[in-house]
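Across the two complexes that follow, chain A remains constant while its partner is chain B and subsequently chain C.
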Partner chain A sequence: MREFIEVLITGITIGIVYFLVAVGFTLCYGVGRVLNYSYGSFFTWGAYLAWVLAVGYSKLNYVLVFVIVLPIMFFLGVAVDQVLIRPLRKRPEFDFSVILVTLGLAVFLDNLVLVIFGARTKSLPEFLTGSVKLGGFTISWQLIAMFIFALVVAVVLFVFMARTRTGMSMRAVAQDPTGARIVGIPLFRVFAVTFGISTLLCGAGGILLAPRFFMTPTGGWTFLVKALIIVIAGGLGSLRGTLYASFMLGIIEAIVGWKLGLLWVMPFWFLVLFLVLLVKPAGLFGATARKG
Partner chain B sequence: MKRDRTPVAALPGDRPKALRFNRQNGITLGLVVILALLPLALGDSTYTMRLLIVSMIWGGVAVAWDLLLGYAGIFNLGQIGFFALGAYASAMLSQNAGLNPWWGLLAGAAVGAVLAVLLGLPSLRMAGIYIALLTLAFYEVLGPLLTVGQAVGTGGKRGISPIEPYSIGGHTLSSGNQVPWFYLALGLFVLCLVVCYFAINSRFGASFIALHDSEQFAQSLGISRYKVSLLIVAISGTLTGLMGAFYAHYTGVVSPRILGLEVFIYLVVMVLLGGVGKFPGPAIGAFVVIFVSDWLRAFENFRLLIFGALVVALVMLAPRGLMGALDSVQGFVHHRRGRHAAAEAPAAETDGPKP
Partner chain C sequence: MLEVENINAFYGEYQAIHDISLKVAEGQLVSIFGPNGHGKSTLLKTICGLMKPASGVIRFDGHEIQGLPSHKLVEMGIVLISEERHLFPEMTVMENLRLGAYAKPARKKESENLEFVFTMFPKLKTLAKKRALSLSGGEARMLAIGRGLMSNAKFLAVDEPSFGLAPILRVQVFEQIVALRDRGLSILLVEQTTGDIAEMSDYIYLLEDGRIAFSGSTDQALHDDAVRKVFLGIT
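Entry: the complex of A and B
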């Protein structure tokens, strides 16, 4: 029983990190109508940039690593949006072109990592070592640090979306792009900022999860698919659905990994996804998935 | 995207337009004839023959995939899943159940069809964008599933090998002589081309193209999006599973590696390079990709880097691919010719109809 609760705590912590990753994906679609298939590569890039700073070429403190890497991820996202996505917006088959262009970008970015760093797996050290005993449960400091950091980012994101001018324009664009444009919201700037925020969140997730999973150049694909499954299960574009689905699947991952091994995690996730879609075809909180 | 298709026969008693000579079937016929003659010149060069056979296998898959992507507008990203499971089905039947490999072709096609329909049933009811998400998730989960599926005979991470080759009249095909393999592959390739050509240039084809172009209008004419989509997905899945089954026995090995990113991106480049929605462009794209990729073999890790950049460049700069370029050339020539004609007879151009 004690072990089970410890697994549950791990699951919740993974869940909140998955939320960060998945919410970036869903935001990008909700606001900019961009299905970003290179999302997994940004995850990888976040982790490798952190590795460069914290292990490979200097021994920076983790706080500094975050301070340096997150803005880089943001501007990388803005650049991708401006150079690759923006010119496609005037095409009739925008959705299709975006999927293909981001797929190509993903392969390019992954293999750039492979060429630069080689195929050998790398790992980030844990942020904090040791563990603490709380009422009979042993919880590692690493897990606590992950949880607190992810929680802070999530809260900042919610406040940003609710209170700031940029956040509000993002929500306006998500609801009605034409209406938002009429009231003078610069659409393309909002798209770019959204893309930047989404890659930033993804990179943060990459750094947080890198000590738990080994880093490989193509490892990001797993997380793209995890983000996909969370987002479909929660309902595409819905923040609340994403939140619930991340916790649900995080806990399932912890339990399945504990009982059966990590190889079984993805098949179980897919099973859960199918069960959810059987009951609610648009995901837990999706409303507009049905068409025609 | 502008799709290539000949108009459907309009009047009863009219000879079906699909059977008249046009650029689409002209290029296809030319390609097939050249391929059929190639073994006369290259029959001894096992290496080149191998590349050609692989090109034909993937060419068939690329055309079947384009039927969904370019013509029906269904973003199915799990096409290689149909291919892989077709290959596994055939390999498992012959290795674990001892069935004659020829039956595997049927089994592969059936598995491809069933899988496509199973995946289509939930996803085709949803908006197009969900299909892209769900099918990619399916494709990514399949690898781990085949790995943990050791208990049912998938062979785990190492896959199944060796797989029995086909035999004709008690004569087993060997890898030393590629010519019989070549004609077998050509037969399947032609089957894919013919099925796709007639699917595109039929009343049925008109209905799914109409759905893609203007869904509401098509539905107002009584076309059911769900039924038509399901049928087209089934056709595409059948052809892909069939090619997968052949691939298993030809290469003698299937493993979860077939679901790797490399194969996926190659298939994307084939379709893009040939031209999305431009039959038979993707088949031609397959030949280009397989030969270029072989030529780039020395570059190892840089190969995928190049292909990734190529996908980005193609979408940004040449979204209509090789067949699109051909359109432009032809358009240019027509334009020039039209101008010449106008210059020679200016009166005919400006004069209105006379009573």
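Entry: the complex of A and C
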């Protein structure tokens, strides 16, 4: 029983990290209508950038790693949006061409990692070592640090979306792009900022999860698929659904990993997705017919 | 204030407006009447930067504005109140209104304009915390107009404000529009049927098949037999 609760705590912690990754993916689609196939590669890049700073070329403190990598990821996202995505928006077949372009970008980014860092797996050391005993439970400091980092990012994101003018304009564009133009919101700027935030969230996920998984140049694809599963299970476009699905799948991952091994995680995720869609075809909190 | 010269606009191959020229002087209420699907909305969208004209010139306060992005036009004070409303459905009435003041010049006057909107539509104040998607047709129409007023506009393009409204609300909305004109706003209004608003306008255009079929002062329009019969439905 005690072991089970420790696994549960692990599950909740990775759940909140998955939430960040999944939310970044939904934002990109919901606001900018970009089905971003290079999302997994940004995950990889976040992790490798952290590796460069923390292991490979210097031994920076993790807090500093975050402070340096997250803005880099943001501007990388803005640059990708401005250089690759923006010119596509003039085309009538934007929805489709953006998939091909981001797919191409993913192949490019993955191979760039391969060329620079080689094919051998790398690993990011844990942020903190050791563990703490709390009321009979043993919780590693690593897990606590992960939880706090992810929680801070999630809270900042919520406040940003709810209270700031930029956050509000992002929601406005997602809900009615024409309405957004009518009130004078510059769409291209909002698209760029959204892409930047999306990339930043993905990179944060990459850094937080890298110590749990080995890093490889194509390792990000798993997380693109995971983000997709979470978003679909939660209900496309529902922030609440994404939150619940993240925790549910995070906990399932922890339990399956504990009982059967990490190899079984993805089959179980797909099984859960299948069951959710069987009962609720639009996902946990997806509206069956969304209007406007 | 606003001058449109010989603009043409297309949807793909289909030409929606042909060679249209019109003028709105400062503080005027100018109305465009015409049947559905004859280019009225297209004309307003083109003026407000939601569509680009294929040719022609649009001048606002002497500056050429055709082809400028909509957010630049909103900053200049050109604001569209769309017939389709385009509210933000998941946001509250208050959030919708606050976003109406998104443009920089409007931010400074946000609280002042909010108060004005609430005195104009007291109903909106009681609905402030409700989400836009839960509003009735009339309430949503008020919110769309209120949101437009939050932008501190100098020029309002109003697309069929009475569409789908009960007759009593229709009259109220028209009275509010006239009140706005009397406060010094320049207004270009589009309607399918004329009703009372024709008499309150300063100038009238009739649009048919994307072309201007008649233009003249309100007196001229009301005394033109052809206009009376065909467009105004008065015999």
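Here is the rule we go by: the second predicted complex is superposed on the first by the 287 of 292 C-alpha atoms of A that agree within 3 Å, B and C clash if a C-alpha of one lies under 4 Å from a C-alpha of the other, contacts with A are read in each partner's own complex, and residues count from 1 in each chain.
By definition in this document, a contact is a pair of C-beta atoms (placed from the backbone, for glycine too) under 8 Å apart; a residue touches a chain by one contact, two chains touch by 3 or more.
What you are looking at is a predicted structure, and each value in this text was computed from that prediction instead of being measured.
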Counting only touches as set out at the top, which of chain B and chain C does A:Leu105 meet: first, second, both, neither?
first
Applying the touch criterion given at the start, work out whether A:Ile144 contacts chain B, chain C, both or neither, answering first, second, both or neither.
neither
Which chain, chain B or chain C, ends up touching more residues of chain A in the combined arrangement?
B
Under the stated touch criterion, which partner chain does A:Arg165 make contact with: chain B (first), chain C (second), both, or neither?
second
Quick one: is A:Val55 in contact with chain B, with chain C, with both, or with neither? Answer first, second, both or neither.
neither
Contact-wise, after the overlay, does A:Arg181 reach chain B, chain C, both or neither (first, second, both, neither)?
second
Need the overlap of the two footprints on chain A, from chain B and from chain C, as residue ranges.
291-292
The residues of chain C that touch chain A in their complex are 48-50, 69-71, 73-75, 79-80, 82, 84-91, 95, 98-100, 102-103, 106, 133, 147-148, 151
Touch list for chain A against partner chain B, complex
29, 35, 37, 84, 87-88, 91, 93, 95-97, 99-101, 103-112, 114-115, 218, 221-222, 224-225, 228-229, 231-232, 236, 263-264, 266-267, 269-270, 273-274, 277-278, 281-282, 288-292
Of all residues in chain B, those that touch chain A in their complex
1, 69, 73, 75, 77, 122, 125-130, 132-134, 136-138, 140-141, 144-145, 147-148, 215, 219, 225, 261, 265, 268, 272, 276, 301-302, 304-305, 307-312, 314-316, 319
Touching chain C in the complex, chain A uses residues 165, 168-169, 171-172, 175-176, 178-179, 181-187, 291-292
